[in-house]
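For reference, the structures are reproduced in the following blocks.
The two complexes that follow have chain A in common; it is paired with chain B in the first and with chain C in the second.
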Partner chain A sequence: MMTVYLKGGGLLREYLQPDVDEYTRRVEVAEGRTLRQILEAIGIRPVHVAMAFVGNRLVNLAYVPSDGETITLRPPVQGG
Partner chain B sequence: MAASGGGRRGGAGGRGRSGVAGEERYARQLALPGLGVIGQERLAQTHVVVLGAGGLGFPVLTYLGAAGVGRISFIDADAVELSNLNRQALYTPAEVGQRKVSVALERLRNFAPEVNWAGTDAAITLERARGLLANAQLAVDCADNFSARRILAEAARQARVPLVHGAVAGFEGQVAVLPGEGPPCLLCLYPEGQGSQVPPPVLGAVAGVVGSLMACEAIRLLLALGPRRTGSVLLVDVERGTFDWLAIPARSDCPWCSPAVARPRS
Partner chain C sequence: MLKGFGGRQLRINLSTGEIRTSPLDPTFARKWLGGRGFVAKILYDEVPRNADPFGPENRLVVTPGVFSGNFGPSGSKCSFGAVSPLSNGEGDSTVGGHFGPELKFAGYDLIVFQGISPKPVYLFIDDDRVELRDASAYWGQGTMETEAALKRDLGEDFEIAAVGPAAENRVVFACIGHDYGRQAGRCGVGAVMGGKRLKAIAVRGTRSTPLHDLPTLKELTLRIIKRTAQHPNMAPWQKYGTAMFVGWSNEHGVYPTHNFQTTYFDRYAGIDGGPLVERILVTNKACFGCWMNCGKYSKVQIEGKDTVYVEGPEYETGSLCGGNCGFDQIEQVAYVNWLCDTVGIDTMTGGNIIAFAMECYEKGLITRKQLEGHELRWGNLEDVEHFIRMVVERRGIGEYFARGYQAAAAYIGGGAERYTCQVKGQGMSGYDGRGAPAMLLAYMTADIGAHHNRAWTITMDEDLGKDVIRGKAKVVVHLQHIRPLFDTISSCRLFWGEIDVTDQEHIDAIKLMTGWDDFTLEEAMRLSERIWNLNRAHFLERNGGPGRKFDYPNARFYEEAVPSGPAKGARLTLADLDVMLDEYYAARGWGLDGNPSREVLEDLGLEDVATNLERAGLLGQLSAPLPPVRGEKYKPKAF
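And then the complex of A and B:
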């Protein structure tokens, strides 16, 4: 198992249910899981996550996080 | 839809005066490094097309007009609703029910009569977008749904016109600067597409921040001011106080911009 930190604010917080701090959820996952699998495992439908990034790099739901990594999630943002 | 307040004095490339250098209106920006008389004249020669005259369109139209962009064409198919007014200060409660394009045109012409303003009161289609972009240097996406955004982005690529894209929801927003040709494109930024949603909650000031950043990026792009951010997206979270510029990865399977994907010529 390994630890991944999912971070998200605003409209995503209600799905993310942060526990580490106001915006961060700590998740224990098996190695090799994709971001999509991790989200589904904690009850977040992938449709609620429009974008994700690690550091300064945009990643998609096929991304496989490594131990200790923080992934920032963004909800669909399409209003004008 | 009447123009008033001095009327128009010609548009992009057609100013009735000898130039902008003597115009007191722009005095506070002419001294900016990288702008100056040459930059101001360049803005005056420029045609920008804006999709949407709502929460993002309000700051974008206002600040591009204020900066002295010579010709600004915008398109919107909505009427003013009371619920618009937490973020759309182009409109007043007395104008609820009126056509946005008509109200906005009058207000913007009064505000910046030097600009050649044109409004289209209709939903965007590929054909309309192509027509608007025929002689434009920049497209700005202030739409409120992905299908309209996609139409503008497709027409902009066909016309080889760069695109400043913006969107907002809640306390969050994003601004992307996309090239007129080559990768990346709007479909690289949203590989899964973006389903239509009910209108999201949004704080007016957040739309103001994101729309103002879009206007900044538009002006920077038109004047080649500062570092190049074409191909990048700015992710804004006003609640957390974060602003992250990220490179948009080009999709190798992108139907629009990947050289590896065969496309019919349009």
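And then the complex of A and C:
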């Protein structure tokens, strides 16, 4: 198992249920899991994630996080 | 003394040249707050029901609200309003940038224009000095060209709102430009301004707005800035702005493609946020007092064309002037964006109108001869440029498109109205409602026609199910109250929607600006509902009833299934739309005919409006008891 930190705001925050700080949730996952699988495992439908970033790098839902990595999740636009 | 406001209003009769300054009534300010609230009330009270939107009796209302120019969480917006030549009902549109704050700094919360000037003029405001000046030298120039010329002639510290040739020629979807690429784009407010031969407004203000409690307001705002700087949405928002949603919208099957024929554009990768940032972005650009600075200032170089600079493209332009017109390169979309901005047409209804014409050409309903020997092919820049100029100059078939959907469809014939993707004459925003029924309901019922800024529901549609019809109307009603509230107080909705500045924090800021200690979120939401019902009544009094008959989109959205992409097969029927409308009217306390009831109007303090509707035979009858609260906040399903 390894630890991944998922960070999200806006409506996504309500789905994410942060437990580390206001925006961040710590998740224990098996190594080799994709971001999509991790999201589904914690009850977040991928449709609620418009984009994902590792640092400033844009990644997609097939991305496989490393131990200790923080993934910033961006919900779809609500303001328009 | 009224605090938080400039404290004065200007009344300008363009027919006679008379200019009157008077104090802003504090009771009026509290009851309607500014922005869209002032617009709705003034238009309802002052414009005769049979007045032509282009006639002298229509008003052009310009109003920065209470937030504008104040040290709150965003305060950049300014509303422009008029009876719309698109819907023939109340129309309002906001613009960011710096114009609203500057008007406040000159001490004005409201300008109401009436009449039509005998010659082109612009309004010059330098604090107390207010003059109508000859604009002959600027007439015919583009919006950005006019802005640059006025700044050159008056000084860089003047803020300018100007119209282009489209407005001068009364193209019904003409907009008002400001800050080299921002627009009060929707409802044809620019067309009304141009129709009044008002080329521009130039303002410089040097006053301070009196505030009730500046130290505490400062503390609140700085706390919000500090908190939101760490918000996870901030970095991607700053980097890509709204353009990043082209990809998302495609992947979820709601992206308008080839005039909403389908909802997935397989070549979207070239017009997403990535190419914008990598290929054309010069710098980010912020509105007054904003720390998000999500605006994108771009340089567009296309072989055979002049190099041009444009703000954007934003998502709406990237969809409606992008895949919806078949463009697959960001430079092309940005060039169309620039062209629309320059001539002064709304890229949203404009993009829709271009795509509508393209589909008519594709289906043989428009001929090459009617296009002066040109074609109108998907993704062809030369064709589009020529077509836009035909419309703006009202040449040939362009004359009918300049008058709007109804005139164009009637002229073209052959069932062309099926391809007019609009409600109440306003082109749809960049989301297809067949894969998001509540979004379609939001378009159908929006007071100004099919505009997403009244309610955006796609996350809820995804959450509850794209094929679920029932149970969403109450949320649409709630969103139609909370979202336009930001246009009423003149703050940027994105702070609330994207970086979690709460609705209560906005209310707290208003209290600190004005000293209205008993002002509450409930009062603000009731005001927003009051405005909504007033606009509905105004629309019905001008257009007749029942209201329901105006609340349907073109047949494509209830007769055609989505043919490709992730939403392939998604289809709504007319019966589905009726189910949603029944729920919606009940949630609003309206009759099933779509007309407001006396009960809801009286509950909102609009007894006089109920009487007016009753006299006109337009009062709705409740089919169930009036809900004590109209609308319901969405609670995510996942947990």
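Please note the rule applied: the second predicted complex is superposed on the first by the 78 of 80 C-alpha atoms of A that agree within 3 Å, B and C clash if a C-alpha of one lies under 4 Å from a C-alpha of the other, contacts with A are read in each partner's own complex, and residues count from 1 in each chain.
In this section, contacts are C-beta pairs under 8 Å (C-beta built on N, C-alpha and C of every residue); 3 or more make two chains touch, one makes a residue touch a chain.
Source: prediction; values computed, not measured.
Asks: Just chain B (first), just chain C (second), both, or neither: which does A:F53 touch?
Replies: both
Asks: Look at the residues of chain A and decide whether chain B or chain C touches more of them.
Replies: Answer, by number of touched residues of chain A: C.
Asks: In the superposed arrangement, does A:P76 touch chain B (first), chain C (second), both or neither?
Replies: Touch status of A:P76: both partners.
Asks: Once the structures are superposed on A, label A:Y63 by its partner contacts, choosing first (chain B), second (chain C), both or neither.
Replies: In the superposition, A:Y63 contacts neither chain B nor chain C.
Asks: Quick check for you: in the superposed arrangement, does A:I44 touch first (chain B), second (chain C), both or neither?
Replies: After superposition on chain A, A:I44 lies in contact with chain C alone.
Asks: If we overlay the two complexes on their shared chain A, which of chain B and chain C does A:G10 touch? Say first, second, both or neither.
Replies: both
Asks: So which bits of chain A does chain B touch that chain C touches too?
Replies: Touching chain B in the first complex and chain C in the second, residues 9-11, 23, 47, 50-51, 53, 56, 58, 72, 74-80 of chain A appear in both lists.
Asks: With touch defined as at the start, can you tell me which chain C residues reach chain A in the complex?
Replies: Its residues touching chain A are 230-233, 235-237, 239, 242, 244-245, 248, 252, 274, 315-316, 429, 452-453, 456, 458-459, 462-463, 492-494, 496-500, 636, 638-639.
Asks: How about chain A: which of its residues touch chain B in the complex?
Replies: Residues in contact with chain B: 9-11, 23, 47, 50-51, 53, 56-58, 60-61, 72, 74-80.
Asks: Residues of chain B touching chain A in their complex?
Replies: Touch residues, chain B against chain A: 52, 54-57, 142-146, 149, 166-174, 190-192, 194-197, 199-202, 207, 233, 235, 237, 239-240, 242, 244-249.
Asks: Contact residues on chain A for chain C in the complex?
Replies: Residue positions touching the partner: 7-11, 13-15, 17, 23, 43-45, 47-48, 50-51, 53, 56, 58, 72-80.
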